[in-house]
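Beneath this line is the structure, given in structure tokens, with notes to follow.
For clarity, chains are labelled A, B, C, D, E and F in written order, and residue numbers in each chain start from 1.
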Amino acid sequence: MANYEPVDSLESPRFSGVRTFMRLPHVETTEGIDFAIIGVPFDTGATYRIGARFGPEAIRSISALLRPHNAALDVSIFDYCSGVDFGDLPVVPGYIEDSFKRIEQSLFPLVDRGVIPILLGGDHSVTLPELRAVAKKHGPLALVQFDSHTDTWDEYFGRLYNHGTTFRRGVEEGLILVDRSIQVGMRGSLYSKEDLDAAKSLGFEVITSIDGQEMGIDNLIRSIRQRVGEAKVFVSFDIDFVDPAFAPGTGTIEVGGFTSAEALRLVRGLGGLNFTGFDVVELLPPYDRSQITASLAANIAYEFISLIALRKKKIAGAQ
Amino acid sequence: MANYEPVDSLESPRFSGVRTFMRLPHVETTEGIDFAIIGVPFDTGATYRIGARFGPEAIRSISALLRPHNAALDVSIFDYCSGVDFGDLPVVPGYIEDSFKRIEQSLFPLVDRGVIPILLGGDHSVTLPELRAVAKKHGPLALVQFDSHTDTWDEYFGRLYNHGTTFRRGVEEGLILVDRSIQVGMRGSLYSKEDLDAAKSLGFEVITSIDGQEMGIDNLIRSIRQRVGEAKVFVSFDIDFVDPAFAPGTGTIEVGGFTSAEALRLVRGLGGLNFTGFDVVELLPPYDRSQITASLAANIAYEFISLIALRKKKIAGAQ
Amino acid sequence: MANYEPVDSLESPRFSGVRTFMRLPHVETTEGIDFAIIGVPFDTGATYRIGARFGPEAIRSISALLRPHNAALDVSIFDYCSGVDFGDLPVVPGYIEDSFKRIEQSLFPLVDRGVIPILLGGDHSVTLPELRAVAKKHGPLALVQFDSHTDTWDEYFGRLYNHGTTFRRGVEEGLILVDRSIQVGMRGSLYSKEDLDAAKSLGFEVITSIDGQEMGIDNLIRSIRQRVGEAKVFVSFDIDFVDPAFAPGTGTIEVGGFTSAEALRLVRGLGGLNFTGFDVVELLPPYDRSQITASLAANIAYEFISLIALRKKKIAGAQ
Amino acid sequence: MANYEPVDSLESPRFSGVRTFMRLPHVETTEGIDFAIIGVPFDTGATYRIGARFGPEAIRSISALLRPHNAALDVSIFDYCSGVDFGDLPVVPGYIEDSFKRIEQSLFPLVDRGVIPILLGGDHSVTLPELRAVAKKHGPLALVQFDSHTDTWDEYFGRLYNHGTTFRRGVEEGLILVDRSIQVGMRGSLYSKEDLDAAKSLGFEVITSIDGQEMGIDNLIRSIRQRVGEAKVFVSFDIDFVDPAFAPGTGTIEVGGFTSAEALRLVRGLGGLNFTGFDVVELLPPYDRSQITASLAANIAYEFISLIALRKKKIAGAQ
Amino acid sequence: MANYEPVDSLESPRFSGVRTFMRLPHVETTEGIDFAIIGVPFDTGATYRIGARFGPEAIRSISALLRPHNAALDVSIFDYCSGVDFGDLPVVPGYIEDSFKRIEQSLFPLVDRGVIPILLGGDHSVTLPELRAVAKKHGPLALVQFDSHTDTWDEYFGRLYNHGTTFRRGVEEGLILVDRSIQVGMRGSLYSKEDLDAAKSLGFEVITSIDGQEMGIDNLIRSIRQRVGEAKVFVSFDIDFVDPAFAPGTGTIEVGGFTSAEALRLVRGLGGLNFTGFDVVELLPPYDRSQITASLAANIAYEFISLIALRKKKIAGAQ
Amino acid sequence: MANYEPVDSLESPRFSGVRTFMRLPHVETTEGIDFAIIGVPFDTGATYRIGARFGPEAIRSISALLRPHNAALDVSIFDYCSGVDFGDLPVVPGYIEDSFKRIEQSLFPLVDRGVIPILLGGDHSVTLPELRAVAKKHGPLALVQFDSHTDTWDEYFGRLYNHGTTFRRGVEEGLILVDRSIQVGMRGSLYSKEDLDAAKSLGFEVITSIDGQEMGIDNLIRSIRQRVGEAKVFVSFDIDFVDPAFAPGTGTIEVGGFTSAEALRLVRGLGGLNFTGFDVVELLPPYDRSQITASLAANIAYEFISLIALRKKKIAGAQ
């Protein structure tokens, strides 16, 4: 039985009230919850279009449309789990390393008490401190990364930390179990032939958009599940994985991506993995239109919650 | 031979003149016409984003791009039928039941004289008084509903009438021949497991987006045709049936929907059914972008007209 | 000393956290507070452009920029008073009279315990139930209305309640002390010569935009203060009082209005009146641009709070 | 008594029906009318931002908000005159001289029968064929031009006709009574010192924005009235006369202009002149925001109608 | 080895500097280059929405995101070729035939010296003078046209030149080798049954969107390659080929088109053809959203460059 | 005689060509020029809305409308001076102190050779390294700052450098001659009463918007000139000095500001001061609308150039 669940939208209009994710209570607790929705309003790591600091606000706004029963996965979320909107983690705009420390330190207590965090970015640099906090508890993690870029640059303008170097740093810091990790959706032009190879040299399995579209969603799911296996896993979803027609509100748009229907199917296909954390990043509200990118991001986060509930349902069913 | 047909756009630029649907003459007549385009600028039934009162204006505006020959269906519309832009039905903003009465009463005379109405919403609540007017003439109707929601709530905030209860009311009032009716495109999160079941309990056949996408368009068409058979049918197209990338300008967006190409194929696949009326609803111009949702709505209405012409062409050909 | 005051924005970025007005705590209390910010997300009373149901959300969003010291009035708000973001009042979209009842009933307890409400609309119809709640406590109220329209129609499309009839109803219901009430800012075309006269016949003093601009702000302030005197007063600010260049995000725009600098000066000029309640209404986010209208609305609400603090400061100073 | 007047908006919502200017009947008549609203959807003469071909549509759309009584001028328009929305004049997009001929030829019959045309542009090049039609009936005309540019270039890119050469051509063709003509509002950078002098050399009185703002509106009105005297006059209002904060939707924006309140006062100040025609031009809907520029243009046209009514009222009053 | 190549974006942020295509040097040279990017900011030929004059600027802006290695085609462009941003060709806004002459005359010297032009429109009328310049050097050309319209009208409003007549004129002027030419993507309503037949009568192979979608991309590529064979070919890509969800920023939107992923695959499939020139046209920035259409256009141009490099790579590899 | 001057826009349309400021040649030279336009695309110092990295691009884009004769100041710029668009200074997004060093170091050589820089921000943090470069050459500088905020915080979130601390750092580093410096336009709410006092304690003269509006522009000019006297001066114009109706495209909007006409008059009033450098900052294109803020910023930069020319004209005239 859930301790915390959303306001009933058949009784109170969904456009009313202070906005929290999915109309969940906004409580800074680690007690009685399975998951926490947590904003990370940080975008200092962005190298082109910028504005992801307003991402959590925009996702919360449109998430009022989400309802508690996931028909696609056949699970009524709050029959099996409880969660809150924890608010946002502290950051210092303009200062990357300082912010990374605050993100890691404020996230760790939740993770430490067994809460599964679902983080709303922010640019993709925030995944590094998130991984630091989660790996501190769980050890090196399998990574499932949906993204149009590998984000494995060595440096950019001579600096080590920004949204294009996250996963190289993650490997170097021993946070990622590379042989259980997979990057899906890469596309667009590259600086050189070595770019994709670089991610592979680090040990990642890399499936480009072109290859993924040819394989089909079912095979993609199979590949991801096979790669991850029983490892503890962190799922990172960069909204630019999806084609800009479906997700215009992001920083470095790459045409030719997946559809939102395909993205949802992919995420739903991860049921049963051993999740330790999730994020959805790179939503830039100033470039979004009619909230369609925010809605997609909110739905991705919703599927993440559903995966947590589904796992608890299966465990419950197995008993 | 058509009594009424559009202005010739090879002679007068399409961006000129007072805007009527497809540049048809704006005449409030029921004589000499097979169909009438009719606006229903009503949105008091909306429960989230609002603004469909400007839907008819926006559809008329972009409909100037429509031309009289439907190549996909191979029919030159005005070789077989005649029609007008009848203007808008009277409504009282802020008063649902009062508006329903006016809509029904002002629509009935057209239906009564054999004109097939093609209604431009307006939110989806307007389909109820439309069905009342059409069923008063033709008796209970088969319903083909393209939509991401079933709109079969019992009530909302304790009230019986709004855009989420339309089809339960329609069944209760005996306007719908449920065993000949089908709802296609449902998706998104639900309040509870019972939601889809509720529509089925009312007697509707329900095909979700996920199932429909798996079946493919040809099978979907077959299912619809089989369900409807020879019954008199009303087709209701909620623009949120289509994915928000193609139709951002609507009220309760649900990611993961059909494409516009698929939607057009579906509608064209209905050729030969026994049509009594059509509507296309839930276009919200303030949330549209570059008129793409309005253009899709206008094209859906255009396919509706084409279906009328096609049926007359076949009858003419059969004679 | 304040019990409740905003989060410190020098410590936590203003773009972070769940959005409440001015980063005040969101608590549904009537204890220990002088004022409460309350949303009224209702727009069923709108007769042209619509969308004010998202007004409270938009005002809360940009209000993060507000800081506790009002330099123009030389008052540090939370040195003298305490307040919360109370959330939104319950409404039923699509049902005016039902919503009016809920607004009145849920507002009354606050007023009854001496809290001064600052209400964020919603369309201008919501002022009627607000006045009902406040007058029930305080008796008939002086009204200071900033607006481009008098909103004193008798009816509209045959109905008594919508955003154009509010103040006639208010007079008829005995909620308004007309000989202490004033309407400022009227402009734009009218249905007939009788329109302005009608407001005057009801007993209001009416100052048009043209007359007000000629008089100058200082004289306008004098006129308002003189009219109101010592009476208990409710201030209602329709954002369309201001020119659409400064406030594009509203429903029935009227060109030729006041500037935002003038509007702020006017509101600040009301210091010392005997306030019982305030609202700022008719912000339509879908028509706003870069949050400028929302920012103006938030600043108007901020001046309202400042007026409350100023009065307490003067009382404190006098002791 | 008016033969033609607007639909009653207290009975039918202003957002309903096929859009005509001010909800006037759309009739192509020259009988029983004093004025005609006429669109000129032509923008091939534009030298920078473009899109005025959609100007008439946008003005018609927002003009639904206009009501028949002009309080500022104290005249109920349809007590004194009658008018229609005549639709749009024929043009050939991409062909300036061809379009000029069609505009002139189709406009002349109206002018010839004594109808005063109020033309909705279109870019400022359309004023040349308008002047040709009106001057053919009335002889050379005094011109009152509100504009941020003199539009008296000799040529542009080696060509004689575009929106920057209109009034030099008008003088050369003998359509303009230069010593009774005045240009008001010029500002912004120039190609050379000779630019303003050029307009003066042609014989125009030229008052810059800076000078006009210093003189004040009352003195400006006096200057215009004095200049025009009893001459037959054509009033041409380029919307870029107004500052881009009030009129962003135009082609060659010039910061530092007049406000909309000032613009309305100026136009209203022309009461009693001997009008033969009016236009309002250079509204570019793709660059407008929340219809504020369109609303201003519609109000300018509305004041033009009011001036016609006012003159008839005075004549009626004098009898 | 390239003489000219882009600025290194790992050293200097992509949002910095004067915008040229892909950050290539802006040099008006014909020496040492294989290709030149050339803007044609002309839109006087547009018959509905307009604004393509700003197309080259918008494409240059977003093209900063393009990087030199094309992973899909496995070619590092500047290992094999050199190119510049040549700037824009001279045009005279408002004058079609005059502009056509200037375009042809200024383009010819580049073509004459063996440079392959990649032209950024502008509306689709500009392809006619481009073909004149290229055919003057190479003789009649095979045409591969991606477009939702055939653009083979005989005339429009009685005039021979605009964006709807380009390819009929091209055939008439002997610029096009029709029996090696193919038009792909036609869809939308037509004026009459004769419209598509007309293009076929001129000798073009025409594949509609519906047929193309059924065939699949691989078969489409085969059909195009088979049609063109070894002929010298010009590729013209009208951005409205793609569905408006992916390309809202264009003039005459037609719903139901290809996706951007499909478009890219199609263009990449042309590898090895004997290219003489390319264009991408009909991008209208005022109607674009978050640069998604501009990004697609930039990527199409990028694939064109890649095709040039690929051909040189193969030749190099063959040696 | 100018060595460098703009392209002639009477010969080549202003919407054509690679965008440079005012169509000046883009040359990285320090020879033969009096001034250089220089972009500083840096926004890591922003504490609320962000995106000024695209400021220089947006200003360049609309600056095509600027012409060489300043009528208000009666000076033909290139009769007296020469200048170029120097491009952008190097920055490292995400790293403030690193960027400050690069800005200072790359700017110094220009200043050192006597070129007057006109810098286009960027957020207001960039003024600090600009002052460092200019003061290194000229010694401590008088500062004329137009702004709605003093930007004299001690720190923000515990850090010394961002756009809110610029001028306190400038004073501390001895770059500013405080007793010759003045800040104009402060308004909006403050953190505490000490905020304005803090700027005054540092030695600045501070004139708030309210005081400035009361004084009038002429008196404001007098105050500024009197304060600065003969000192070498740097002028920094934060676009939020102007009301958001005129400048929506900025980061921390404050309602109630000056108009664009007033801003231009103020800047023009500085003629004859001893200028060493200028900047215009805080333009955020993602929040701009129809380029009105960019146009204002471009015009401010244009007036800066004009002031340089005017000074040279006067010197020339005096000889």
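The rule is simple: contacts are C-beta pairs under 8 Å (C-beta built on N, C-alpha and C of every residue); 3 or more make two chains touch, one makes a residue touch a chain.
No experiment lies behind these values; they were computed from the predicted model shown.
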item	value
Those chains which touch chain D and also touch chain C	B, F
Numbering shared by both copies at the chain F-chain C contact, with half separating same from different	different
Centre-of-Cα separation between chain D and chain A, whole angstrom	56
Whole-Å gap separating chain D and chain F, where each centre is the average of the chain's CA atoms	38
Separation of chain B from chain C, taking each centre as the mean of its C-alpha atoms, in whole Å	41
Sites on chain E at which at least two other chains make contact	12-13, 15, 47, 49, 53-54, 92-93, 157, 243, 245, 287, 289
Chains that touch, pairwise	A-B, A-C, A-E, A-F, B-C, B-D, B-E, C-D, C-F, D-E, D-F, E-F
Chain E contact footprint on chain F (complex, rising order)	12-13, 15-20, 26, 39, 41, 53-54, 56-57, 60-61, 85, 87-88, 90-93
Chain B residues within the chain C interface of the complex	43-47, 49-51, 53-54, 92-96, 98, 157-159, 161-162, 286-287
Touching residues (chain side chain E, partner chain A) in the complex	9-15, 64-72, 74, 76, 243, 245-246, 259-261, 264, 289-292, 295-296, 299, 302
Chain D contact footprint on chain C (complex, rising order)	47-49, 153, 156-157, 186-193, 195-196, 208-210, 213, 243-246, 248-249, 252-253, 255-257, 287-289
